[in-house]
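This structure is in structure tokens; I'll ask about it shortly.
By letter and in written order, the chains are A, B and C; residue numbering begins at 1 in each of them.
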Amino acid sequence: MGSTRLDRRTFVKRAAGSVAVAATAPAFLRTTSALAADTVELEFWTPANDPVGKGLITKLADEYNNNQGKTDGIKVNTSIKPTPPNTNDYVQYTTAMSSSASPDVVMAYTYEPMSSWAANGFIQPLDDYAKAAGVKEEDYFPISWQMMTFAGHTWAFLQEFDFNRFWWNTAIHSGEPPTTFDELDTLAKQYTKLDGGNLTQAGVIPWISSTLDWNAAWGGSFYDFEAGKWTIDRPENAKFLNWYLTYVDLFGGREKADALISSIPASYGDIFQYGKIAFAMEGEYLPVELTKQGLELEYEIGAIPVADGVPAQVAVVGGGNPFVLPTKAKHPEEAMKFIQYMGSAEAVKAWCIEESNIPPVHAAVSDPAFLQQLPHMKPWVDALNANHVQPPFPSPITPYFMTNLATAVDEVTYKKKAPEQALADLAKGVADQEATFKQSHPDWQGE
Amino acid sequence: MRDIAELSAPDTGLAVPPGSTAAGAHRRRLAGRVAAFLIVLAWAVLFIFPVYWMAVTSLKDVSEVFHLPPVWWPAELKWSNYSEALSLFPFVDYAINTLKITVPVTIGTTISSSLVAYGFARLRWPGRDLVFYLVLATLMIPSWVTLVPLYILFNHINWIDTYKPLVVPSFFGDPFSIFLLRQFFLRQPQDLVDAARVDGASHFRVYTQIILPLARPALAVVALFAFIASWTDFFGPLIYLTNENKYTLQLGLFNFFAQHFVNWPGFMAASLVVLAPMALLFFLTQRTFIEGITFTGLRG
Amino acid sequence: MALLTGSGNAMPRSTQRSDRPRLARLRRNELLVALAFISPWIVGFCWFQLYPIFASIRYSFTSYNMMQPPVWIGLSNYETLFTGDPLFRKALLNTAIYTLFSVPLDLFVAFCFALLLNMQIPGRAFFRTAFYFPAIIPSVATAILWTMLLNAQGGLLNVALGYIGIGPIAWLTSPSWTMPSLILLSVWGIGPTVVIFLAGLQDVPRDLYEAAQLDGAGPLRLVRDVTIPMISPVILFNLVIGMIAALQVFAQPFIIFGQSTTGVGGNGGPLNSVLMYSVQLYNVAFVQFQMGYAAAMAWILFVIIFALSLLSMRLLTRYVHYE
């Protein structure tokens, strides 16, 4: 880890050198620092443990080390640190970030914790660095910019972000896709097969991991972005839950659907990938996943069915890969250079094309090579251009909300609570958390 | 040497009512034992079965894992699952790391606990029993109460990402071990100690030269428990060791699962490899183990 | 001195009357020596128990996220816990149910196994290993293994139940069956309890059994009137230790039910049916970054453990027969 004194001296030298150069550098940073005497080693943590992501991130980091890293005098040590099985908890990350063993650069595989990391001081704002590097808002899609900049500061560089589109299994449904809920319900009923009380095939099982999508499609909204407030118990939000209940009744109980879902060995939510349901909301990374897992599925992709008055191309951001700078990073200047590299159009394109993800910058998407290599991305590009994609909630209470939203959905689908009651309880829980949070973080500018 | 178990195994179930023949009584005893044997056998099979399933799964091809009807014996024994798993899982490195923690912990726990136990067992001083109850009371403190402050403390003194937070506390006595050893020491005849003391030996000499040698079975038990607890510790290494080079076997296994979760056979293979040393250790030492616990006279 | 040389098998000479005054003098100043012997524990206690205990009491009155300094909020955490946190109540309830069912069940099964193993049957060493083995399997492996075995469609348990005509049970996905799954899993881990019972059983003097048998006692009466009273301290010990462990159960529920059945967030299983106290504590501390709140929860847990342990020891001590 080196002695602190040596680091501070190196830091001061570099800070003096790099700020001067960075002020005149173009967006894709190419500093010719004359002080490349000692190589600064950066600790870079990433949870990318899937076969493609792991290889890819290591390759990108190595490419940096061998090219620009040499010029910058930086060597990045990549550590793959997955989150505990079945979870998205970054326990190791946050405990490390609060200690003297903090990594210099952190990449997350989910976007959810970002606002709570920012609000609790685990990561530091990147405004000055971004400005110095000439990063411009126009380069980004409005939605991705909103993910990077909130509560008055820039907190992250996005590598990619995700949202779902509506998929259908063409072996089960070969016609035109439904565009309204009535159409969807009619078709789904046709495709639901109950065999001696057991569900063997379903038209759609709406509550598997698409809660925010369906709520948006029904015209509901949990958060008011203009006012910066949670709007959980809005009556419109009960619509999608009531719609869920129609399917609970159709199947003869939630347990039937769970039985079908647990009939496949892989992780939950893959029931569509195994061809057991006709319609599902899936992400843009799935085609690559399917090929890798050797799953044969004939499918087509389109926009989600919507209720009256809801824009056709509505979508809700489900996640993203942010690169952030821990507050206790030992080499923040150098770390920023690497972060900017990973957030630049070239690196972003490289990642997105191979992993089949959505790049946050216009340049990457409008590049014809993008759609050429990833033809299935067209529905996503359409949605981006229609500009009805909703960003993630910028509140630090978001992780709490997401967990308890799942509980609320459970309570409704197991018929323990009425939708309105479940929403009211959820709203109260979130309000309590917010009150507690404000009490101890009075100067957090966001919500 | 006769098995201690045999010495005190009761002949339950087979009282000899006056008047019945010796042969009849013998047959009844035999019947009882056969019945007991069969019941134990059935349960043991049930208990071991999941482990068998682990072993069998480790040799299957992925497609056979959740196959219906279940595949009791794989079509082909894929030993390559093991070599593959071991190539992805640096077993030797992680084993060495784990030993770097477990060995000092075992030694530290045994030595410190026996010293402390002696202080409670063979010495008389005011407040002794009260303090001993305090020692026992600490067993009731949930680890969560101390977890966060300790983490912050270790953070302050820069012990994060070292083995120190996992090893150092063991050198200060473990309540459970202290309890076991005190029980054992209490059963040693007071005469032994008194005679030595009258002859001018200091307590320390009594401790090292008389009590300790006699305490071998109890010490073995304490050492074994400490070893097992340290070897299987998961949460401690999870939050204190941030550098992959320092990972222990448990942590490595957890990482392995998170990274290759679709590879069920590989994961089972890796688990069995991690498990094997412990199983061997237990099998070899179980007699000592049980004797040791017996000798500590838990009943007292 | 011949006494102190050689191996521990040296024959000690017994104390005599003439030694008594000397003994009395020697015993007087044992306090300092004693302190020397127990000094490791004293230091460790102050450093690793006392200091953290006080620190965590202090944290429980603050809002603290480990990055920024703690902010004093008085009794607010405790207020919220008792009045406004449904998850806390659920976790408490779940943990109580788990403890209430798993501890007596485990004790009973372990005791029966120990009784059986204590008889003169061949292969005892194998059986002891068979029962103890599951307890040394790494928690991650156990959790994954049982996720496989309890799978509703292809899991072996349901296959076996299917042979005797019992329909597939959704062990891990139905809110009514998740708790039984955990309790079942706890039985699998009773190895150490069996071993401790065995050790206790072997300590019972044989002549007690013989005497009872001469009086015409049958096997069940032997167990009830001789065995149980004689090992009652061991039973109490296992009960208290088992209870303390059950109240803090973490690894298995955490890993098996790590993700809710709707695929998003939550590690309490369907409808939070197996949200355990420790798991909820972990959530509050490491997912919501509320260390102060978590400290308050940890304290409440401590009070519960302490009270229950004292209670059981008080209540049951009249049934316990000491030598």
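One rule holds for everything that comes next: contacts are C-beta pairs under 8 Å (C-beta built on N, C-alpha and C of every residue); 3 or more make two chains touch, one makes a residue touch a chain.
Model, not experiment: these values are computed from the prediction.
Removal of chain C from consideration leaves all other chains as one piece through touching. Across the assembly, the mean Cα position most removed from that of chain C is the one of A. Looking at which two chains touch through the most C-beta pairs, you get B-C. Chain centres here are Cα means. That of chain A falls 40 Å from that of chain C.
The distance from the centre of chain A to the centre of chain B, with each centre set as the mean of the Cα atoms, comes to 43 Å. Note on chain placement: the centre of chain B and the centre of chain C lie 14 Å apart, centres being C-alpha means.
The residues of chain B that reach two or more other chains are 65-66, 254, 257, 264, listed in rising order. Multi-chain contact residues of chain A, defined as those touching 2 or more other chains: 84-85, 91, 95, 98, 265, 267.
In chain C, 66, 140, 144, 151, 153-154 are the positions where the chain touches two or more neighbouring chains simultaneously. Chain B contributes residues 65-66, 151, 155, 158, 160-161, 238-239, 242-244, 254-255, 257-259, 261-262, 264 to its touches with chain A in the complex.
On the side of chain C, the complex with chain B involves touching residues 1, 3-4, 7-8, 12-15, 19, 22-23, 26-27, 30-31, 33-38, 40-41, 43-45, 47-49, 51-53, 55-56, 59, 66, 113, 115-134, 136-141, 144-146, 148-149, 151, 153-154, 156, 159, 188, 195-196, 198-206, 209, 213-214, 216-219, 222-223, 227, 230-231, 233-234, 237, 241, 244, 247-248, 250-251, 278, 281, 285, 291, 294-295, 297-299, 301-302, 305-306, 309, 322-323. Considering their complex, residues 84-89, 91, 94-95, 97-98, 116, 120-122, 207-209, 211, 255, 258-259, 261-263, 265, 267-269, 327, 399-400, 402-407, 409-411, 414, 416, 425, 429, 432-433, 436, 439-441 of chain A touch chain C. Those residues of chain B whose C-beta lies close enough to touch chain C in the complex are 3-17, 32-33, 36-37, 39-41, 43-44, 47-48, 50-51, 53-54, 57, 65-70, 112, 115-116, 118-120, 123-126, 128, 131, 134-135, 137-150, 152-153, 169, 171-173, 178, 189, 191-192, 194-203, 205, 207, 209-210, 212-214, 228, 232, 234-235, 249-250, 253-254, 257, 264, 267-268, 271, 274-275, 278-279, 282-283, 286-287, 289-290, 293-294, 296-300.
Contact residues of chain C toward chain A in the complex are 63, 65-68, 71, 73, 76, 80, 84, 86-87, 140, 144, 151-154, 168, 170, 172-175, 254-255, 258-268, 270-272, 283, 286-290, 293.
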